[in-house]
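Consider the two complexes below, in which chain A is the common component and chain B and chain C are the respective partners.
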Partner chain A sequence: MPNTGLAERIRRAGIRMRIKPVADSAWLGRTALEHPYHAGAIHKSWRNSLVPYLFVAPFLLFFLTLFLGPAVYSLYLSFCRYAGYGSIEWVGWQNYLAIWQYPVFWTEIRNVLFYWIAHAVPMMALAFGLAVLVNSTLVKYKNLFKPLIFTPQIVATVAAALIFKNFFGTQYGILNRVLGVEIPWLSDLNLARWVVVALLVWRGLGYWFVIFLAGLTSINPEILEAAMVDGATSWQRLVYQTIPLMRNSFLFAFVVDGVVTLRLFAEPNVLVGKAGALASVEAAPILNMVIENIQTARFGLAAATGWTLFLLIAILSWLQFRLFQQRGES
Partner chain B sequence: MTAGMKRPSGAAAQPDRSGALRKGLVYLVLIWACAVAIYPMIMMIINSFKSDREMNINPAGAPIQWTLESYQKVFQFHNGLWLNLVNSIIISLVSTVAAVFLCALAAYAFAKYTFWARDAMFALLLATFMVPPEIIIPGQYIFFARLHWINTLQIQIFPTITPVLGLFFIRQYMLGIPDEMLEAARVDGAGHFATFWRIMVPVSAPVLGAYAILHFLSVWNAYTWPVLVATKAEVQPIMVMLPQMVDPVVGFLPVWGTIMAGATLATIPILVVFIAFQDKFMSSVVVGAVKE
Partner chain C sequence: MAIQRKKRYQMTRRDFLRMSAIGAGAAALAACAPNVAALPTQAPTTAPAATEVQTVAATAVPATAAPQATTITWESWGGTDRFAPLIQAWAKTFPDTAKWLSIKVISGGQNDVEMYKQFRTALSAGGEGLPDFFESNVDAVPEFATRGLMADLSDKMKPYLADLIPGALKVASFGDKVVAVPTQVKSKVWYYRKDLFQAAGIDPAQIKTMDDLIAAGTTFHAKNADSFLINLGPQPIHYWYGEILSTWDDVRFADPSGQWQVKDNPRFATLLDLTKKIYDSGIAFKTDDWSTDWQPAIAAGKVGSFLIGSWMTSFIPQFAPDQKGNWGLALWPEFIRDGSEAGGAVVAVSKFSKNMDAAFEFASEFWLKPEGSLAWWQATGTAPLIKSGQDALRKLLPTMQKPADMKDSDWAVAPVNYYGKDFMGPIFDSMQHVKVFPYDMSYAAELTILSQHTEAYLAGKETLAQALGGAQADMQSQIGNPYKI
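So, the complex of A and B:
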């Protein structure tokens, strides 16, 4: 299922929603059963029939054939050599070993980690700073600032990348034309990586801004008022109260954003790649290895890369889960 | 930092002047942030009114000559960029209708019926959430290649019609619908599906609508999977076509005017929805992120 940008973050938001009941009751089903309307839902004569299975069947059938089946098959493929035709040859861990010895793999891993750290830190700081400002008593037109800062989120990912590509163009770019220079923003890949970071910050800022703003408004005002009575200044309240209260939220946001960035694809490729081609290795995300291996019909390698990526994501997700539990306790 | 710590004493002494100064600074920062946020989008729209030629001479300023040439080109370029726009619309709409319908059906059973392995099944479905969709791409690709579906519209639709997230969202909402309503329908002699269709669907309309918007956006924005499986221009969605558009004569040079016109056309539907449902839009995006 292709998911990028906004939708991807929504997906992660969904994950956060469901982890809560798990953390609470150790078993997801329990929260469902505890719901007031749930247990006695349907009249007795309707229970224990085939009917509910008929309702669930269309979704499940499609899910099994279109998602779960291919997922299991991908896992199997990752231990095989297969060119899309002919026989499938079992090769054990060879694909994984080949990938891990392949320098491109490590370059692309380095790239996504760079994209993550380099964009998440300033983005979160800016998003939180703006949220504090908009939330402060000094500011009136909150309902005007909020949607405006959120705007980049509604620009399609590819469209946003193309706008940046136009802006940072060497010969015909807006920035170079205004400055009267010819800096190779996108053809010098060391610079290009920073342009990708700029795009990620620009596009992601609004999302985290809205989230942090919601977090700030949910802080119990009594806590802050108590400090105010004690004579704390707004700066002191921010540093000694608000930020510690939101510390876990920051870590959490950082990790969630990491999972999204590991799966980056459209932004660097559209921005750095030439006319629809994939980006050069020096700026390419790890997902490029999956796509390139499929395009060259090396399905085993593609699958093994995918599952390696899954391993990385699983580690991050585990971290996220742990943070969430801590957050639930505090 | 030190300035920030010192400011309070000054503020106590001269509350009015320092307060006004601080307020002005805050507004300045916010206005600057808003300007940075919307500037690229405004440039996109402005540049879509320049011709491709003018974009190479004057990429930064206002158009010397306002023209609809780029929009005209959208309808002529290659086989017609508008075809790709239509592809995007077909793919996103069909996927959204199918996904919301399938999710609503299943969510109804998960929320309102008791059946064997219900909770285990639901938990398992949610657990697959941890599997990023990209990982299954190799398996999916081979599966669809065997069906001879590479370079079709349906290959871009089918993998998107069973979103577990949608199932979860809709079920959560349906849990909150009182059983009495269903009982009433049952007493009136409505069957299982009639109860679903005439009671459950209308009552769940808000969540179905909200999820439909989210789903539409995610398919509209899709890039990775379409790039891989749609290599022929006539089946590509606009997001895949846009980055490829280069000058037919020179070759490598992007036709920025036409691209910006296409990007504007691809953004405007989302913009309209956003302006119409601002608050719902933003709150559904951040739903559950901070609320506890």
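So, the complex of A and C:
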């Protein structure tokens, strides 16, 4: 007989088991659960084992059918020349070499990296600062500020971009009219990129504010109180306690924001594009190249561009994980 | 002796995940696999899945020996609401045909590019879901005529060829075949502010060369300090390139063998050079067509004229209603007078259609018969492309009255009142100068690359040689052979 205590716990857990007695000298002193070769000794109910998989099966089915399957197919297409119909011609690495040799590709990669870094740093700093402020005792009417700060997030992306487009118009934009100048905010593409950054900061601020606020409220107040008792100033508590404890929130924020920004599409095209056309190269995100290739029936190039972008996002995300892990360890 | 029991299979977690992955992946690959077999010649048997669908039913009349009641599908882009009055206009003009023929309109997307994507998807599925006939811009004809989507209408069009204006036949032809019915010729028209030109002492007809244009623009700006002769910004709109390139007969992006000509054909250098001269000369208001500032600039009188396609006729009254009577129409300056803006538009009968005869009957009535072309003009403002239709319109214009269902405010800015009763004359004249650029199957991609390098040239980031060489190199690497996609 196996260990009575273990069997009693199993019985109380309501797990039905078949316990086969084994005439085996190796059995002595070991329970059935410990016996490595006794495969059929104790079994969970077949139904109980299957239920969790049934719950996740719909997601798995959709994921595999609508995401993984097409992704694998697009990887295959990235090595082919295909117009979306007709024959598929295998061309090997030709598509990848073509886009890597294309100056526009590198310009658009530079653009998305610029959009990411230029907007992420001020936006995260501002969002965290606002979260610290709203979470502190300095601010009254917290329930008023929280929805106010979050409001830009609920404005549709295209609507927000159109508002900014009118706001930053050169001849008749509101900003230039108020300032009494004619700054070509959108026609000078060097300036237009900063308008895109401004839009990204304006829209994203509320979302990360909420995330950081949740992170702050999850910090055990006793830790901060102990530091207060030890004589730490507010600034010291913020720098040496709060920020390190928020490391996971920051990691999440930077990685997710990076992924989203590197896949940017609507903001620059609505702001800078004309008559429904995509934005000019100097302000265009890399997804424009994917879209243009699809529109001109060059699916192989579109797939190769998409997979290159995927690789870039994966590498940058991995680097951020390493960076935050190293900082955490230090 | 121990009892031998058959070991029951216990599914492990790994087995479950493995089988799910294999099954779903196989299903996905099967669903996504292209139809590499030859495209069928039969029309689709199921009704097309429509983004928007609108059906205009024929007038109910007891059948007497009329053909069998038929519904044909017409696909275009944009909303379908605008088609109902067009089809009503056709039905009113041809009630006998409308007794048995109904038109179902399908929207293929927001713009023509979206619609072409749908066609490619349908072609990959063997032609499933394609309409009976569809609207298309001329620059898409090479791809879809080559790929067997457009029916050869050469025989059906023979009775109408003599009445077609030359530009219309060019627009509807591909190679030596007529593959479509022309609906619009986007000839080049110079819209200008008569009052501002008069104040500057400029006569559009006297501008024959590039130097004349620059000199006129300089004089114009000197006399009208708040206004510029034309507008041209740092990112010229895509149709600018086609308008200029179509001037000449001896230019194309690549020869039929796939050899690119951008670097070596002097016409491309002329295009870039001309654009930069206008941009740098100070005669152009530095804002691009359809930018945020463009329409307000027109309303404020910042732009004194447009070198543009004939479709602009209906837009100026909307942008600047209070400038009624101040706008005139003329031909482009002589040195770039010929050509067109993207050729024009056509309706093509699908080779997969089960109702090809009915589809052509509708198209021929609306666009190839004088009464139909007149009804089309009244409904859309697009000029007739047949000589008999143009003659009928010339007779109609001086006597035009407000339609009963039109508001007074709309009638006030209708082109006939906005520009004057003789406004169609220059448009008809411009159609005599129509030339169609020899588009290939990759024109959209070629234009994208050319515009990138032109913008760099305008900004001073590339020299002319670098811009042309870079454009050709990029076309070679990104497109390869433009006659194969």
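In this section, the second predicted complex is superposed on the first by the 238 of 330 C-alpha atoms of A that agree within 3 Å, B and C clash if a C-alpha of one lies under 4 Å from a C-alpha of the other, contacts with A are read in each partner's own complex, and residues count from 1 in each chain.
Just so we're on the same page, contacts are C-beta pairs under 8 Å (C-beta built on N, C-alpha and C of every residue); 3 or more make two chains touch, one makes a residue touch a chain.
Note that the structure is predicted; figures quoted are calculated from it, not measured.
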> Once the shared chain is lined up, is A:Val181 touching chain B (first), chain C (second), both, or neither of them?
Replying inline: neither
> Between chain B (first) and chain C (second), which does A:Phe150 come into contact with in this model arrangement: first, second, both, or neither?
Replying inline: first
>> Applying the document's definition of touch, where does A:Ile243 land relative to chain B and chain C: first, second, both, or neither?
In response: neither
> Just chain B (first), just chain C (second), both, or neither: which does A:Ala125 touch?
Replying inline: neither
>> Taking the superposition on A as described, I'd like to know which of chain B and chain C A:Gly173 touches: first, second, both or neither.
In response: both
> Just chain B (first), just chain C (second), both, or neither: which does A:Arg263 touch?
Replying inline: first
>> Going by the contact rule set out at the top, does A:Ala160 touch chain B (first), chain C (second), both, or neither?
In response: first
> So, does A:Tyr102 touch the first partner chain B, the second partner chain C, both, or neither?
Replying inline: second
>> In the superposed model, which partner reaches more residues of chain A, chain B or chain C?
In response: B
> First (chain B), second (chain C), both or neither: which does A:Ala83 touch?
Replying inline: second
> Once the two structures are fitted together, what part of chain A is touched by chain B and by chain C alike?
Replying inline: 40, 43, 46, 53, 60, 65-66, 68-70, 72-73, 82, 84, 165-166, 169, 172-173, 274-276, 294-295
> Residues of chain B touching chain A in their complex?
Replying inline: 4-5, 7-8, 11, 22-23, 26-27, 29-30, 33-34, 36-38, 40-41, 43-44, 47, 55-56, 58-60, 102-103, 105-106, 108-115, 118-123, 125-126, 128-143, 145, 158-165, 167-169, 172, 175-179, 182-183, 186, 192, 196, 214-215, 217-228, 239-240, 242-246, 252, 254, 256, 259-260, 263, 266-267, 270-271, 274, 278, 282, 284-292
> In the complex of these two chains, what residues of chain C are touching chain A?
Replying inline: 7, 10-11, 13, 16, 20-21, 24-25, 27-29, 31-32, 34-36, 110-111, 113, 116-117, 120-121, 123-124, 143, 147, 233-235, 237-238, 286-293, 296-297, 300, 302, 441-442, 444-445, 448-449, 451-452, 455, 470, 474, 477-480, 485
>> If we count contacts the way the header does, which residues on chain A are in touch with chain C in the complex?
In response: 40, 43, 46, 49-50, 53, 57, 60-61, 64-66, 68-70, 72-73, 81-88, 98-99, 101-104, 165-166, 169-173, 184, 186-189, 274-277, 280-282, 292, 294-298, 301
